[in-house]
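Alright, structures below, take your time with them.
You will see chain A twice below: alongside chain B first, and alongside chain C after that.
And now, the complex of A and B:
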């Protein structure tokens, strides 16, 4: 059965994706769910929780309020909290119980905005999908809401899809440094080390760099609304980082409408190495392995994939039984994946552990590797 | 002090003005990063050899799976994810039965017990849990299936923790009651072996049994022999009551008190149930007094903050400490339920104590506020008052009675003298459990 797992975890859910995406932007995010359910996000999906304050709250939904359809309590409590917290915006999103009762989050958001005078938007999570969907909708909504037409900045780049669910803390600084070293100017890095103000300036970018699937919807919106082309990829390794920067310059120079696919991300069917993880991570690491170490690898995206990437990085194989069957059929010599995949990697296959926060949470946080614009040979020798 | 009264929903209130029937108005909630309290995964793992299967939405699964991963028991946990369509296509029960079948085929072992957890949405949709258990039991007669509940939305009816504390005895089968076996039930950890409670049981010639001490499934099954079951914390009451109903074992609720008279009453009731003479515990009581005085000498006028996760009766502990000269200034508790009398007495004797909500949204900034040096009892108090001088226990830490008071006083004294690595300790999920975090 596809919806069953004997041992490996599931990925962070859509609600966590929303919270993670909006964490640093000065808003207030309200998850409509039972008391205590926010501990999943704050314990396992949010490495910033201890050190960085953010207005991420839960509505403490009760059985009676759910049965009676008492949305008024959610609205009142949110307005009250907004009075105390003075957020720059409010986001409300749902969980499984509101899905069952059919809460109209758009109406709830409109009512909260009307009473609080603070811009409020609904994000349509229900706790049954992955963080990709939640963060993706949150980034898209942010860009729609706050991006405004402005003149172009030469070499300006918008980095989209950056959250600690996919990247170690500090990754934003590494990406900014790499952009700077290559003559680009990072206008915004949604959403680590960034603030709401920079979202408004996104249309000044000449290019969007999409570093995870969570940033793709926002990139497509910026392309459609403002004609900003986008490139997908993460500058892992040294050689690939150089290649990616050059590729981005070409895109800007040629004023191409859109170049969504990094050619090296395709992988090799005869590869002896499989890289498991989020699609852009797996594709980019595959490219870096080839360019930096001449290793042929095959990316296996175990999360939903969208758009033109679906055929390149998968997205179909996400169930435990399918991943296991895939690996047993391929019989790769090496698998690069989160440590908790160890339970289904064939015994004769070598596992190189690269922790993924959206999968194993804080279990291996201390072992997370920065592979951006750095020598990766040591990790994968 | 900032915050408080200026807020729409104040995060604290002066005890003298507090209404114990509703300390704080409900609202949105914040979740502080103090992780010592156990959840239903930790509690379920107390059943030796049990395999936990959770059926719920991805968002709910995530927390329980990673609880198991962190406590290094992922090999005892499986899951069935529930999608939106699963709820409406008429296959609610069969999806779960098929999922459990699939899992039993995958895990390469035959666990003696499967704890099957359903979630809020299943109960809301009117799932026939009895039929699921019946069908699975018929298919797998060698496995005992126990219905378990991850239903935080229904927490006002019965809390998931209280229900789980009862369901861990669900796999027990009736045995002849043994007049020489006494159990303490419904607590995550064994009661201190030095406590008067355990010593009285043992000195009466009875064997003290506790699920937290069971090493094997056979030992676990032996819990059904207990002719008397004692619960010490509020969330353990249901376990005692249900075992009384199922097996006829007498249930005695002897709450972990911080009130000498309350403890003496507990021991009188226990002696009566054990049919023994109540022992003279004046030595233990005097030792507790002495330890409190020694702690007071070391701690001096340093303000003390107590939180409800450390002790199940924070207002009663506050009263005890006030009466021994401690400068109790803060209590973190969202309710005074179950300790109305000590609440009223403390309010009369120390009306200036500030009572803080543990979940109020304005507690978010609490660690950054300017705090005097505080001695905290409990992880949440340590976090909120930003102190490394704290007693690191949850749910009484297994302490009980006069010996428990003595040991708590010693822990307070030690906490005042030796700061702790707060971040590391409070980040550890499930106090006392193994952890991959180191």
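And now, the complex of A and C:
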């Protein structure tokens, strides 16, 4: 059977992607799901849960409410909670059961907005897709909703696609520091260490830096609506981080309206090292290994990939059996991946563990590595 | 664009009326899509000379994957009408309402309206608005008006009232509104008066009055609508008149 994971886990679901993307922005995220499921979104997939407050509302959908199509309870409870908490916006999203009963989330959101007077939008999650789709839709909706025309800020950069599902806590500070060291000004880092106010100022950016697939849809929108070019990549390592910053400056200087991707992100077919993970992570680490350590690697994207990055990383392989078959055929000397990939990596292959929160959750959180603008030689020697 | 959902009691003639209306709109030069939303998948058969289109649910059951193009799940019928059937799960299993939602999501993904650019879309929906799936055709972005097919028979009017109330329940949402009824005559006593009593109470109109006609039955036996078979017959004239009314209104609404 295709797409069945018998050994490795599946990635965090789309609903978790929404919760993660919106966590710090002062809104209220409403998940229409059974009581008890909040632990999945808010704790297993959320490392900020114990240290940072956020309004996450689980509707506690019952069997009878689902059968009877009792949307009124969801609407009334949400409005009541919103009256208590006064969030800046309300995002309503779904889970598998509402998907099966066909809840019309757009209509529900419109009714909540009409009764609460608080801007409300629907995010069309169903719990069966990956966090990429959920976070991607959430970022896109935010940018559509709150970005407004404004004058340009010289060297202004919008960082898009930043969540703890893909990056260790503190990554936002590292990216801001790196941007600052290179003469850029970080206008917004959606969405870690950021607030809703900065989303409005995104069109002041001269460039978007897309650091994961979750930020690409928002970047495309900013390009279409405001003519802001974007660059895809994460400043891993030292040399690659320098190269990426120089590349970004060139894009701004030449006022290129295209959608450039760092060419070194492209892998090497004869590589003996395979980097497994989210496409932007894998592509950027491949580039950093090459530039910092002269290691030829091949990125293997195991999550949905869209846009210009897809062709450079050779597409995506997401089914466990396909990943296993790829590794068995390729027989790489080294695989760089989350520790839970150990069980499908060939025995003779060396695994260098780089935990990915969206894959293994809190299991290896303390071992997550900050590789942004830092010496990576120690990790991969 | 004319965006119309047709509801009514089972067996009252929804598919007959919808297919004839599609054929009539096509005869007026309109680009029409008819989507049958019934597991029986027989809404469009009289536009296709009895050669049915593969329903969307059947495609997915056979191929175990979603279709990649509209052509895989549609056929061109009389007058160029694009015919699509949602179909449904194995009888007695699964969830037919969910099947309709899945089909609509898929048609969105395939950019049906963007690519086909229709002048009219007609949704022929099974019986009552029994669950969320069967309300999908009246959600925002799909049908804007509902026509309820009824005769003067008591149970047909009972169902018509249920449908009217169900649609009314959604008035807080930007859903379709009931436009009126198609009186599909069964020649019961005081038929028009009985139907008019219902429409007057509901504050809606009898939008079309279709006579009991052997022509309809005769041409359906030949796998076609009476609009195709004999556009001059009385029943066909009524459908053509309804098509003209809807077209004129659509023109006025810009």
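Quick note on the criterion: the second predicted complex is superposed on the first by the 378 of 381 C-alpha atoms of A that agree within 3 Å, B and C clash if a C-alpha of one lies under 4 Å from a C-alpha of the other, contacts with A are read in each partner's own complex, and residues count from 1 in each chain.
Quick note on the criterion: a contact is a pair of C-beta atoms (placed from the backbone, for glycine too) under 8 Å apart; a residue touches a chain by one contact, two chains touch by 3 or more.
Just so you know, these numbers come straight off a predicted model, no measurement behind them.
J.: Looking at the overlay, does A:69 come into contact with chain B only (first), chain C only (second), both, or neither?
T.: Touch partner of A:69: chain C, not chain B.
J.: Touch check for A:111: first (chain B), second (chain C), both, or neither?
T.: So A:111 only meets chain C here.
J.: In the overlaid three-chain picture, which partner chain does A:290 touch, first (chain B) or second (chain C), both, or neither?
T.: neither
J.: On chain A, which partner's contacts cover more residues, chain B's or chain C's?
T.: B
J.: Which of the two partners, first being chain B and second being chain C, lies in contact with A:39: first, second, both, or neither?
T.: In the superposition, A:39 touches chain B alone.
J.: Of the partners chain B and chain C, which touch A:176 in the superposed model: first, second, both, neither?
T.: Neither partner.
J.: Under the stated touch criterion, which partner chain does A:102 make contact with: chain B (first), chain C (second), both, or neither?
T.: A:102 sits against chain C, while chain B stays out of touch.
J.: Give one of first, second, both or neither to describe whether A:340 is in contact with chain B, with chain C, with both, or with none.
T.: A:340 contacts chain B only, not chain C.
J.: So, A:58: does it touch chain B (first), chain C (second), both, or neither?
T.: Only chain B; A:58 stays clear of chain C.
J.: Is there a shared patch on chain A that both chain B and chain C touch, and which residues make it up?
T.: The answer is residues 100-101 of chain A.
J.: Quick check on the complex: what are the chain C residues that touch chain A?
T.: Residue list for chain C touching chain A: 95, 97-98, 101, 131-133, 135-136, 139-140, 170, 172-175.
J.: Hey, which residues of chain B end up touching chain A in the complex?
T.: Residues in contact with chain A: 7-9, 26-31, 33, 35, 56-63, 65-66, 69-70, 74-75, 77-84, 86-87, 95, 98-99, 102-103, 106-107, 119-121, 124-125, 152-157, 359, 361-362, 364-365, 368, 423, 427, 429, 436-437.
J.: Report the residues of chain A in contact with chain B in the complex, numbered from low to high.
T.: Going through chain A, the ones touching chain B are 1, 3-7, 9-16, 30, 33-40, 42-45, 49-50, 53, 55, 57-64, 66, 73, 77-78, 80-81, 83-85, 95-97, 99-101, 126-130, 321, 340, 343, 360-364.
J.: In the complex of these two chains, what residues of chain A are touching chain C?
T.: Residues in contact with chain C: 69, 100-104, 106-107, 110-111, 114.
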